[in-house]
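Some notes on the structure that comes next.
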């Protein structure tokens, strides 16, 4: 129990840090975001009155209040669910706009993460088991090189080859534009079909995990209980998984959760290139439109998602590793 | 008497970047039924390598390059993977050096016992397995309820006893103990060894006992084999090793251990440091540290003789265990 | 003659390092020697729009009629420099934070570790994007700066644990020794180990920085007047190069990024191996498998 409180406390602090950064960011940036926004509005042919300027200032939080008061207000409204009003989709509240796009990102990132985790874990286990062999060399090196290629290039290459040239997979959107979202097999199939390329792109950028799993496995394989497992007459496969992998996975759960931030970053770019209607695309559009409240809201939401995944990972580790429960006894 | 274990000309190499290093060189010895053989020597002399090789548990880059290991009628080195898997723990079992690390930390003890029964075809019934495990635990004086615990919930001594119980689960003919008590305090050491001796008398298995603690070995073992730089340089009944050592190294070892009682003695160590296995001299390996060395020692490597249960590899053996002037 | 043989043997034994260095040098020298390799000016409009690759224009032209090959080479210069600068900033920050945490220990260490953990957990790239958006269109150097300021957490963590282990050993020896000479000798013995961590950290950060820079520019935060690989991708995306079928416009920067990334990754792999020969598992294992085939057990 103490363990959970500790972890939750940490994430709460991190969340506050994120809110604080969010609060201070527009105030810290050189130049005046209000002015540059007005310039954008103006060049777009909008009418700027003194009221508009005031409204914008208020939206940004530049009001005549002592700083600490603004800060407290900000925190208060965050927790109440008032994340401001979008400038691009005025007057829709930021949270509502985000909620429209959130499910698709959850779907894309969720499935990619699960598949990636399974693939990289198995590859890492086998590479470590055959350490120094041909399989190990090939998998480790290619995996790392592919993982180091930035998400843009991976996504672009996939797009170029499979969508543009070979036309095997669709080039955009989450589902066939002729269909309506409904619970039919046809719709589900279309969703899956459209998710293949984006998901592949995300998975490819996360292959760095292979090295991590492999390193963990190699550490485990040096332990005595592996040899004892063999000695007892336990079959090879079972030793590899029950003894080796089972223990190697523990630190991996936490590491993978930490890489979620990186994965989200990658998914932003991927969604952009494939026109996938998720948070990434929304982020891109709001960045282009300088829709600051929406941008900040997105940053906060992505942070919350990453933090929750980390918390989930910590909870998972608690159930997987009996040594952590020692604190209770 | 037919020996239980016969090791003939065993050589184990470690593959390195530049070639291979021979960690165990042409070693031959036998163990009789119900006998306790002690294998002594400095760190790095090859004792653990031999122990692991007996069950073919040696890890890459170690390779058995030559030799023969026979337990009864079984040629261990010729067993197939599946035969080897069954052989392990049924005929021979091992208690490893650090009990701390031998047990899978995330699996409960009862399950770790269960695996033994399951993979050797004894039973796949969990309750039956639990009963058998409970009996084993009683033998080593641990309450059966502890079976439901995880390894980290045991103390060091208890863990060691649990592992001994596990090692005896299938009634092996030979039990290998690799420094089983190094990590424990002396009181617990004594209890455990006492218990092992009782079990040996009861279940009639042989023991290969590896340690660098000579005094412990003298008390516990029937026969002692002394290793140096990958070779067994002397093997004899423990009384003979203690009172009439023939090899100068054995003599030196014996005199390096102070006795707990009695007057303060003059201690002799063995000068020099262990020879490097990649730079072995011609002739006897012990030549640079030996007080009895002669020209012959520097030319010809001494051989042991035909008796694989009692031999010494030395050109200038000590008489009556005393250094001649 | 013997020298050449020695070199060849070294290269064969360190395949990864050789290939990695080759790739790296290929990319870096091509970009540095850009004026020698192409006569075209990267920013001038010299040909028709979206011309396919030909003898005159090895990688074709962009929508604005610029030579893609020239752009790739000249643009690479900026991309690489920015990446390296960003990596430097990151490394220095990581070292400062990590060494302080490891060296001082106690409360300071706890505090710094918590800060590191928090910074690590907050997603990097969205934060960079937001910062970049508020700054408007910025030149590559500023992009490098932003990347440097946000990516130090992981490196700090690694350096901190390394410092901790050094510190324990130092103190043990300091307690043992009487004179200073041994202390200094230890310092020079221990530093090489730290060097390998630092250099692989540096290489890894360069990879990350170059990629992050390209990503930022691709998303529109760079200065469209400058030429870097990221800007090239940005322009290509905006001119819908792919949909028009002008894949070559993307090929240049993509190739640059892939080759550079592959080269640096391979070098990173071999840094550990070269400094710690025990890691040359592959050579040992192939010897091992060969011996095993001869009937050894």
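Note that the chains are named A, B and C in the order they appear, and that numbering of residues resets to 1 at the start of each chain.
Going forward, a residue touches a chain if its C-beta (ideal position, glycine included) is under 8 Å from a C-beta of that chain, and two chains touch if they have at least 3 such contacts.
No experiment lies behind these values; they were computed from the predicted model shown.
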- Task: Return the chain pair with more inter-chain C-beta contacts, choosing between B-C and A-C.
- Result: A-C
- Note on the structure: Computed over C-alpha atoms, the centroid farthest from that of chain A is that of chain B
- Task: Could you give the separation in Å between the centres of chain B and chain C, each centre being the mean of its C-alpha atoms?
- Result: 51
- Item | Distance between chain centroids, defined by C-alpha means - chain A, chain C (Å) | 23
- Among all residues of chain C, those touching at least two other chains are 284-285, 288
- Shared-interface residues of chain A (touching two or more other chains) are none
- Message: At least two partner chains per residue is the criterion; list those residues in chain B.
- Response: none
- Query: Of all residues in chain A, which touch chain B in the complex?
  - Reply: 223-225, 227-236, 238, 242-243, 246-247, 250, 320-323, 326, 329
- Which of the residues in chain C come into contact with chain B in the complex? 277, 280, 283-285, 287-288, 291-292, 296-297
- Seen from chain A, its contact residues with chain C in the complex are 10-11, 13-14, 17-18, 21, 25-26, 29-31, 33, 36, 131-133, 136-137, 141, 144-145, 148-153, 156-157, 159-160, 164-165, 258, 260-262, 264-266, 268-269, 272-273, 283-284, 287-288, 290, 292, 295-296, 298-299, 302-303, 306-307, 310
- Note on the structure: Per the touch rule above, chain B residues touching chain C in the complex are 13, 15-17, 20, 56, 60-61, 63-65, 77
- Enumerate the contact residues on chain C facing chain A in the complex. 16, 114, 117-118, 120-127, 129-131, 133-136, 207, 211-212, 214-215, 218-221, 233, 237, 242-243, 245, 247, 250, 254, 257-258, 261-262, 264-266, 269, 281-282, 284-286, 288-289
